[in-house]
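After this come two complexes, each holding subunit A, first together with subunit B and then together with subunit C.
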Partner chain A sequence: MTALAETPLIEAPLIEAKGVTRSFKVGAGLFNRKRTLHAVNGIDLTIRKGEVLGIVGESGCGKSTLARILLGLLPPSTGTISFQGRELSTLDRRAVARQVQPVFQDPYSSLNPRRRIASIVSFPLDVHGIGTAAERRRRALEMMDLVGLPARFADRYPSELSGGQRQRVAIARALVMKPEIVVCDEPTSALDVSVQSQILNLLLDLRRELNLTYVFISHNLAVVEHIATRVAVMYLGRVVELAETAELFANPRHPYTTALLASILTPEPGLGIPETGLGLAFPDPLNPPSGCVFHPRCPNAFGPCATVVPRALGQHPAGLVACHLHDPDYNTANNQGNRPS
Partner chain B sequence: MTGTAFPPATSAPSSAAAVAELSAGARLRRRMFGQKSFVFGVGLLLVIVAVALLAPVLAPHDPYAQNLSQRMVPPFWYAKGGWEHLLGTDNLGRDYLSRLLYGARISLLIGLSVMVISGLIGTTLGLLAGYFGGKADLIVTFLITTRLAMPVILVALAVVAMVGGSLPVVILVLGLLKWDRFAVVMRSATQQARALDYVTAAEAAGASTPRIILGEILPNVFPQLIVVATLEAASAILLEAALSFLGLGVQPPLPSWGLMISEAKTYMFFSFWLIAIPGTLLALLVLSINLAGDGLRDVVAPEGRG
Partner chain C sequence: MTRPILEVANLSVDIRTAGGTLQAVRDVSFSVGRGETLCLVGESGCGKSVTSLAIMDLLPRAATRRVSRLAFDGVDLARSGKGAVNALRGNRMAMIFQEPMTALNPAYTIGDQLTEGYRRHKKAGAAEARERAVHLLEKVGIAAAGDRLGQYPHQLSGGLRQRIMIAMALMCGPDLVIADEPTTALDVTIQAQILRLLAELQRELGIALVLITHDLGVVGRIADRVAVMYAGEVVENGTAAEIFTHPRHPYTQGLMDCIPLPGRTKPGERLGVIPGVVPSLVGGIQGCPFRDRCPHARPVCAETPPVKTQGEHAWRCILEDA
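Now for the complex of A and B:
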């Protein structure tokens, strides 16, 4: 495929998120005051048609909350999400459902154990009243065929299938209504290593065949490098760096991205556990650090980091980085890579 | 539970094929008849139900016909007993076997109707609280706590004493009082099911809330519902017996097993069987319902227990 053939695949923005935050009230007891947890804290994202946007970050950084927001299941506390130019909150839930569908992490809990496979796959069609019962079943069987499930599974229950087969069922259900976007929340991390690559390649094949857009959430950087065209790195509810995949892996700019890349395990046994320089302490999300939320763990932290929230610096057509190291207002003396102490 | 619930992914093709060898019906039969307690419970329950339904055919005498010359006849295995009244007669000379047969109808009717009424109330409240959480949960939890603070038998006694005892009153009072366990169990089962991804998937598919609750959650909490329902039916039967024993339940001359025990208590030391027979039947009925319910849960929910 030439570069010219690739270009039209990525087009106009499908989803635009502006300043999206989502907070939860937690810890409310009889005698405790409620505390606010900012799971997602001011995210600007544009998802363009045809791309695979990888979202990476540690556990608890707000990846899954963001996924629920993008699915229209959780209204953002503040900020707006627009879908093909239309405000998500003005859209009917079912209209959103026709465009955005999820694939979940755990294929054991994502399939209703009391439904047969064909009924699980055709469930979205049932909900939207598309076609007659026979047509819905036919489409479910087509979909099962597309994801590589034999038709004899149609009347089985999920408990009779393996993890990889179940995940194929989940993918078939997500695609049966021909959505624009599939939000995959760690779709391979619950699977055997041998099955992971099958599912990833299936997702890539389906993307090409059906011209899909993926939001691919993962904490596995190797998987993201394999599948994503663009990667957003999240830390404590914020996007700290966003860049094209090759660019991000070759030239990480945020210290957190650098640490994440350093954390990738190698198959070389002699090398031991990689040193990230992050320490073990993930900050308390209920009481996030001042200034840049990453500064207590940052090996490059300097003057303003503890007090000033870094702004997002768009230095790349598709990228941004939120770090004072790259902000000329704060880091005039030192260029990128130097460490003021 | 997780250890046995899922076949290991690697062996799936072969084990799936092996499972497929057995038809669904064969597997169901294997699950049913594999459990002796379930077979025993259902068998006994079916016998009692059949006897209750066929009472007019089976009963050798009119259960209400008094014959004062034939009072306190002992059952046939006593020297004074006879084949005319197999299980003897009570203090008014009524045939005890016939009264027991008709009494089974009352017990089953009460067990079933109380179960349905309280089940509807409790399941609805539990599903709503578990699904919506937040304020709905607070309200339902408050209702449950309030209900648990009231002793069933005392409230039932007070109401029956005010309104007057009769079969419909007993059913209604018990039905309105015994929903608490349904609500407690359904609430926590729903909370668990609601957190699973298939519910989120249904939401993401745009399914309406009633559809998710009734179509996705209810079938998955049904096994727990069955267990509670049978426990509650058994407990309602016992409560009716207790109320009737206290003279505030089913009113004479209706033959209820509890009432029969109550009427016989004066003659306990001379005519032991008058209490022992309905007491034993009551215990057997409750036992059979509990065994059947426990086994039924395993039969309808094979996944999750290997």
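Now for the complex of A and C:
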């Protein structure tokens, strides 16, 4: 662990996703044929040790599906996931769970209401048959201490805890296996802001102390800007832009990223409510638009956008953008002139 | 100053629960000027929704309301019979809820639901009501408005449903709209669109808006005036400019420090926190409800704190300026 920690960036990725897709068959009533919904549609992604990869995008764009794939909870329909250079499908599910642990949004439904807190936290140890009962309890208490839960909560039930305390339980449970990566899916979305800041501080402290790697999914862009080191922007099952956080927020390249950033409402009176320029053509995931899936809402759409799927451009894996505006094959001076700016 | 469209003075709401009487709202006073946007802001459970239901006379049976004055356009509704409120509600004062699906009836078409109140309050015919509905759907940015009238709520996206709720609230040409977390369930891009729409319509039609939200970002961008609620009380009240540049109540200050704000907070650094938890509202609350969590608390805070004022800015705290 320590040897790895001293050489943070220049090493093989912890997780590498290549061409990952995931589709679901969805039924539309008794008489209709089942249709295919492409929840995740061709994602290449690497996650490097020590980074916090933020994933943003509107609801339904596939963030949680991708999270479950990265956690090994859901197999991809096509494509591969490798973990530390070894393909996930060849690894034992439990071996993966040791290294990649989840924290989910809902601190109410994600904890078993009939178990006491200490036993919820030590549950992964039970599953993996690690230690004696006494050792497991001691470890659970250590974890509770680490996340700021008093030992007197050990024998309480989740219903006796507040939302923020329950989310601490979920984090303690995720950390008890000493994982490499914690995948946090909207971990603060159900919490009040005063509790959200406590949980964000905790995640940041733990990352420093334990040299953790996070995948941090959120629809709150201000939170992602605060915690992430790199950000992937998803739209309708695809990553449309990926960049270092400061770069993405300072120089968004994909028109969808620009619109997302414009939608952030900061408490600055006088600035008013921004015009996103996105229109109302919300996409139907069962019948996605042709070409660039964003083109019906894109204020910059031009020639090829309605017919040609944009390729991912840029110095992969550090950053990429999938938009014809940045494709030298399309974006000639001529096209620039046709753009509505 | 012209007469406010809404005046609320000393509003308290008790709710009977199995555990005892819950003092959900305590001694809340505020007023809303014509065409003005007032935001009620605070964390969950602080009494925002109960306050709005109390104004609209829609409280659950278990709740008891006490209010020394609740005036709409100068008429004290607390002293008029039920009929007075019923005639106003959905007519001159309308409400928009967080989840349109709970407010829209799944069994009726959009058209039926849009026109029902209008026909009742304005004694209008079907054709006239339909025409007004189409006009308002277009106004809230819905294309092919005529076709939408025949659709059912479940056939529409969340963003569209919320637009329809806004159109419905506007049907009778209200003077006051109370919107309770109207964009909390929506994506950020849709939220910005809906809030922009609300603000534009509000300005154009001269409507007073009471917008309830837990999101300080929303407040900062839309409010003329802000009332900050904590544990059932309005702890601070003032213009948006004042509240954001010079918050006086330690709770308001704490809340602002919790949110990441580029330029003020540094990425990756610790954010501010408010230690502890909200006190139980069951049984009596004495003194300042924030004192267990307040960095400035002193023994005297166990007594009811005074209301300090400076111009239009008022706060309930022993401190002149925390």
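Some notes on this structure:
In this text, the second predicted complex is superposed on the first by the 310 of 341 C-alpha atoms of A that agree within 3 Å, B and C clash if a C-alpha of one lies under 4 Å from a C-alpha of the other, contacts with A are read in each partner's own complex, and residues count from 1 in each chain.
We take it that a contact is a pair of C-beta atoms (placed from the backbone, for glycine too) under 8 Å apart; a residue touches a chain by one contact, two chains touch by 3 or more.
Computed from a predicted model, the values in this text were never measured in an experiment.
Once chain A of one complex is fitted onto chain A of the other, the partner contacts of A:S110 are limited to subunit B, with no touch recorded for subunit C.
In the overlay built on the shared chain, the residue A:L204 is in contact with subunit C alone; subunit B does not reach it. After overlaying the two complexes on the shared chain, residue contacts for A:R93 are found with subunit B alone; subunit C is out of touch.
When both complexes are overlaid on chain A, the residue A:H226 reaches subunit C alone and has no touch with subunit B. In the superposition on chain A, A:V193 makes contact with subunit C only, while subunit B stays out of contact range. Contacts of A:Q101 after superposition on the shared chain: subunit B is touched, whereas subunit C is not. In the superposition on chain A, A:G85 makes contact with neither subunit B nor subunit C. Residue contacts after overlaying the shared chain place A:S162 against subunit B and subunit C alike.
Counting contacts by the rule stated earlier, residues 162, 192, 194 of subunit A appear in both its interface with subunit B and its interface with subunit C. Listing the residues of subunit A that touch subunit C in their complex gives 58-59, 162, 192-194, 196-198, 200-201, 204-205, 219-223, 225-227, 245-246, 249, 259-260, 262-276, 278, 280, 282. Residue ranges of subunit C in contact with subunit A, taken from their complex: 43-44, 141-143, 157, 159-160, 187-193, 195-196, 199, 214-223, 240-241, 244-245, 254-262, 265, 267-274, 277.
Considering their complex, residues 5-10, 12-13, 16, 19-20, 196-198, 200-208, 211, 216, 219-220, 302-304 of subunit B touch subunit A. Residue ranges on subunit A touching subunit B, taken from their complex, read 68, 71-73, 93-94, 96-98, 100-102, 104-106, 108-114, 123-124, 127-128, 152, 156-157, 159-165, 170, 173, 177, 191-192, 194-195.
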